[in-house]
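Okay, so here's the structure we're looking at.
Chain lettering (A, B, C and D) follows the sequence in which the chains are written, and residue indices restart at 1 in each chain.
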Amino acid sequence: MARIGVFTCWCGENIARTVDVEKVAAAVGELPGVRCSLNYKYMCSEPGQALIAEKIASEGLDAVVVASCSPHMHLRTFRKTAASAGVNPYRVEMANIREHCSWVHHDRDTATQKATDLIRMSVAKVLWDEPLEPIRVPVTRRALVVGGGVAGIQAALDIADAGYEVVLVEREPSIGGKMAGLSETFPTLDCSQCILTPRMVEVGQHPRIKLYTYSEVEQVEGYIGNFTITIRKKARYVDIKSCTGCGDCWNCCPIKRNPSEFDYGLGMRPAIYMPFPQAVPARPVIDKETCTRIKKGKGCGLCEKKCLTKSIHFDDQDALVTEQVGAVVVSTGFKLYSIGKEQEDGKTSGYGEYGYGKYKDVVTSLQFERLLSASGPTGGRVVRPSDGKEPKNVVFISCVGSRDDAKGLPYCSKICCMYTAKHAMLYKHKVHDGQAHVFYMDIRAGGKNYEEFVRRAIEQDGARYYRGRVSRIYEENGKLIVRGADTLAGAPVTVEADLVVLAAAMVPAPGVRDLARKLNVGYDEYGFLLESHPKLRPVETSAAGVFICGACQAPKDIPESVAQASAAASKALIMFGHAELTREPEVARIDEKNCAACFACIRTCPYHAIDRADVLTPRGVFVKRTARVNPGLCMGCGTCVAVCPSKSADLAGFTEQEIYAEVEALV
Amino acid sequence: MTAQFEPKIVAYVCNWCTYLGADLAGTNRLEYPPNVRILRLPCTGRIDFNLIVKAFEMGADAVLVSGCHPGDCHYTAGNYHARRRWMLFRRLLDTLGIETERVHFAWISAAEGKKWQQVIGEITEKTRQMGPYAAYQELSEAAK
Amino acid sequence: MDIGYYPGCALHGTSNDYEQSARACLEALGVGLKEVNDWICCGATAAHSINHRLSVALPARNLALAERDGFGEVLAPCPMCSMELLKASDLMKSDGKLRQEMGRIVELDFNGRTEVLNLIQAFQKVGLDSIKAAVKRPLEGLKAACYYGCLLTRPPETLRFDDCERPSSMEAVVAALGGSAVEWNYKTECCGAGMTLANTDIVLELSHKILTNAAAHGANCVVVACPMCHVNLDMKQADIEKRYGVRHGMTIYYLSDLVGRALGLSDEALGIDRHFVYGG
Amino acid sequence: MTAVATAVATDDLRVAECYQCGKCTAGCPVAGRMDRMPNQIVRMVQTGDTEGAMRAGAIWECVSCQTCTTRCPKTVDCAGVMDLLRQLSAERPSPEQARHHTILFQHAFLNNIRRHGRLNELELVGMFKAAVVTKDLDVPFLFKDALLAPRMMQRGKLKLVGGSVRDRAVVGRIFDRCLRGTDA
């Protein structure tokens, strides 16, 4: 006979207010197999856990039921407690009498009855719970980092500096991400490139970082500790090993006027180009959409003729390579929500009323960064894209796309208040007789020295802040008429502007959903990747061994992205601290004797964790075919159990026997 | 008037979405009828026809199967399998004489505490109106 | 082809030149307009300012009448009317209880079988290519400021017509007629609409801004598809000029005027000669 | 409208969603003439000061152009709020509102439809102006449109007798049922 201990928690008043815990404890004490039944104010507290341990020892318990909060809250806690006192941790069950009972019912009698029922079900299950041992899997001590912006760079360098190899995959021809294109950074106004480019160079030269630029993750196989990553190296048409980055090719290219991606269309670049002067690797790439030689398959070829190292290959093709890694860090970052009429997702709609795309002098915040940047298309002079004149009145509009349910994005993009203050400030530093006008709704400047920074823009640099949105922008006699509101004065405001800068919302980088599906990582309705727990597991994901950092998780600024990147790196490093990993043993298994070898399970398994296998005698004689689970890959969903016609599949921790016992305890 | 009939409702829910949705209902103190008993499974993909029948055998008046929304399954596609299976079994249930209106299917995410509250409220109300489900028990008693 | 026709009060009153123009040009395009039997006023701004139920009931009666007459499509050339009809139709389609209640109030059932068209949509149904092919006198030299005002596109979820911030459907018609349209900034600003009598001051101010902006962008005429816009910009133009001490002299056409002219109809046939600003 | 009905209507108009960004005010063509800005009107309704909002002259300046509703980032139906306030004050007009041109006009308009089923413009103008005179308001205004009338008649734009509906009784019944505020 089992020796079960039931421990009912009051959770202070949270449970005890609605549930008569004494009565419950007395009732469940009578259940078959229950050796002792106690109640206590806080089971999760140290004395509470000590009480459990003590009873395990004194009563010789071999199974434990804790009736308290959600297992998502404390199952781990109580499993540890039980294990430390000698009970197999998988013979611990929780009855959720807080979230599912005391918090949602008011009538004391009903709640007490329901709590008793829930505990009875848990007791019935624990009677059948098998003792399980964690699964051990070897770890490949090598990490993949996807995305080479500031977060990816930080994560890669941290892991590499700790002594482990890193594979860094970047979609663009150079690492650096959005930060490489910024002018100066808030709240210190240090030059973005000055602080980032040395880190980029470090990555490029690091002996333990293998850099794949202009590449994307094609396929992910395997599981925590043992991933096989297939990487697509897109055809670059330039051999970056032999190329010296001398520049002869892009200087001779005749197709010179293509909008530069790095300058967000404000500058031009040739068909063969270096993304920006400090690019890492400092090697050009050919844009196959604009290169006449590649488009037509003949002609031109000037760059090839000029190249002394014979590094240009027009017949270059995409190539697939595979890499073995044990952990993955995703840092794919963000892009700006598209303000114009055209929307990619079909969910959001643009701001027709702001005329972006129609008026050249209505620009996005990232475009304005390029106008401010010393390395930008204007050499850091703030001018109007339309006529090159210096704008004397510049309007900055916050929350364009953000906090706008009607356009599809209800969330706050978090960084716009700060960079808009920075823009107003930097503009004033460059155009002394200019006036910055900022339309804002709330100023969100929580952060070290952030509020002081915004106040400086207002008090010292004279930015005129209006609390209100802009309804419409149109051009009249070369001026942009901005019709906004000053809700503090209670009046509409019209500003005749020379330039308008829209602080567009941050949205996840394109393609992140595909990547997330390959990695089995969850994402929210906007495509931001989901962390395991918003507070306590902020860089972990639902996929073991996959960590996230930077703006792919939520809008965030540089300091936060860097901090999170180091956190993700440390999580990978914690894994690498062991030669093997332990995994939860709640995985599927096949009764091979009984298996009819129909392989329905193989077809439904989402993790490809089941293989065909042969059952052999000890002497190696073939007996029959069977399905066999790879416990390293199995995630324990149980789909195979439901589809198995011969009932040969079962799921440890949720066996047929255990679940049926629970159902039978319903009455 | 006599005490109103209080149905027994069994909810098979997945660990990652609906269980957490029910947790959220708790955290937000969203009150709902106490008639539901939750069974936590890793995924709705695990739920087979037998489990549903078993619940009725044990005296349930209605069964709810609830997991993640399409595309949100923690295990990629378990919820699709569950849904597909349910479409198949519905006919079988009909044949067996189980009233299919007593089996409910809902997608409830971890963020939908409010939806959990609504769904439980609606199912309880509907089952109250339908009255107790004796047919199956009578059937299995007779078979003994 | 015949389609249903809901004139609304304006087209049977002050704006009967609009009716004349719409009828003449659609007829020339082979579209006959059959008036909805015994139609009543849609209630306009007054109804939804005073009583919500009334603002649904009046259009509901008209929708039901159109259905009774078996019209699959009803042209409501006045955007106020078409907006009220569409709004009531949406409300009743989404709320079965309201639909039943309205059925009792207006003594006729509504089944949502009639599609409501504005004038531009009527031209779109005919097809811009067919119109282009029928043009006899291309509108060379025409520089139109196409003016949409409020109710052709707003509220967008009710009207579901064109882009409410940057509409272009009238420009497409003008282009098909061989004319050109200017880019200007007051396409979707309000003229004061039904405030003509009640709050003339607002109308004069708003309409003055519209006329000024159209001229500033090189327009030699303004094109409208709304009786109220026409009243405010045309009939009130003399008052505007007096009030602001300017001379606008801007011809205001209904879109159907231009289509009719391009098809070879005379000004008299279209009622253009009855505009206040004419031949100036 | 009862307090509950008003609360339901306010809910339907999504007044609680408003976070006072002022985009309604920014785009309003007549905000410059209003005593209270559209965002302030919504704010007053939000905080329960419906009475105060009803007293604002702004609700009679509103031209129902829907720009506010169309551009509202929180999908608040600001134009609908204006309608609601006008409806409420039409039920219980305060002395100063009873004198307001817009409300006089709208009542005259509806009375006109009720009688004929369709608008009879000449009668409307006459009734409206008579109402204005009785209230002893702004007399010079009265003659502005009178000067237009001959020019309109000359252009065939003003008929002395308006069109009328055959089944006029049904219109009366529709008005009765709606204004009584109960079901048919």
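Just so we're on the same page, a residue touches a chain if its C-beta (ideal position, glycine included) is under 8 Å from a C-beta of that chain, and two chains touch if they have at least 3 such contacts.
In this text the structure is predicted, and so the values were computed from the model without any measurement.
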item: Most remote chain, CA-based centroid, reference being chain C; value: B
item: Winner on C-beta contact pairs when A-B is weighed against C-D; value: C-D
item: Chain nearest the overall C-alpha centroid of the shown protein atoms; value: A
item: Chain A-chain D separation of Cα centroids, rounded to whole Å; value: 52
item: Whole-Å separation of chain centres (CA-atom averages), chain A against chain B; value: 33
item: Centroid distance [mean C-alpha coordinates] between chain D and chain C, Å; value: 21
item: Sequence positions of chain B contacting 2 or more other chains; value: none
item: Multi-chain contact residues (two or more partners), chain D; value: 67
item: Contacts with two or more other chains, residues of chain A listed in rising order; value: 353
item: Chain pairs in mutual contact under the definition given at the outset; value: A-B, A-C, A-D, C-D
item: List of chain C residues in touch with chain A within their complex; value: 163-166, 185, 213, 216
item: Residues of chain B touching chain A in the complex; value: 8, 10, 16, 19-20, 22-23, 25-27, 29-32, 34, 37-43, 45-48, 51, 54-55, 58-60, 72, 74-78, 81-82, 85, 117
item: Touching residues (chain side chain A, partner chain D) in the complex; value: 353, 399, 403-407, 441, 467-472, 483-487, 490-493
item: Interface residues, chain D side, partner chain A - complex; value: 17, 19-28, 31-32, 36-37, 39-40, 67, 71-75
item: Residue ranges of chain A touching chain C (in the complex, touch as defined); value: 341, 351-353, 358, 474-477, 481
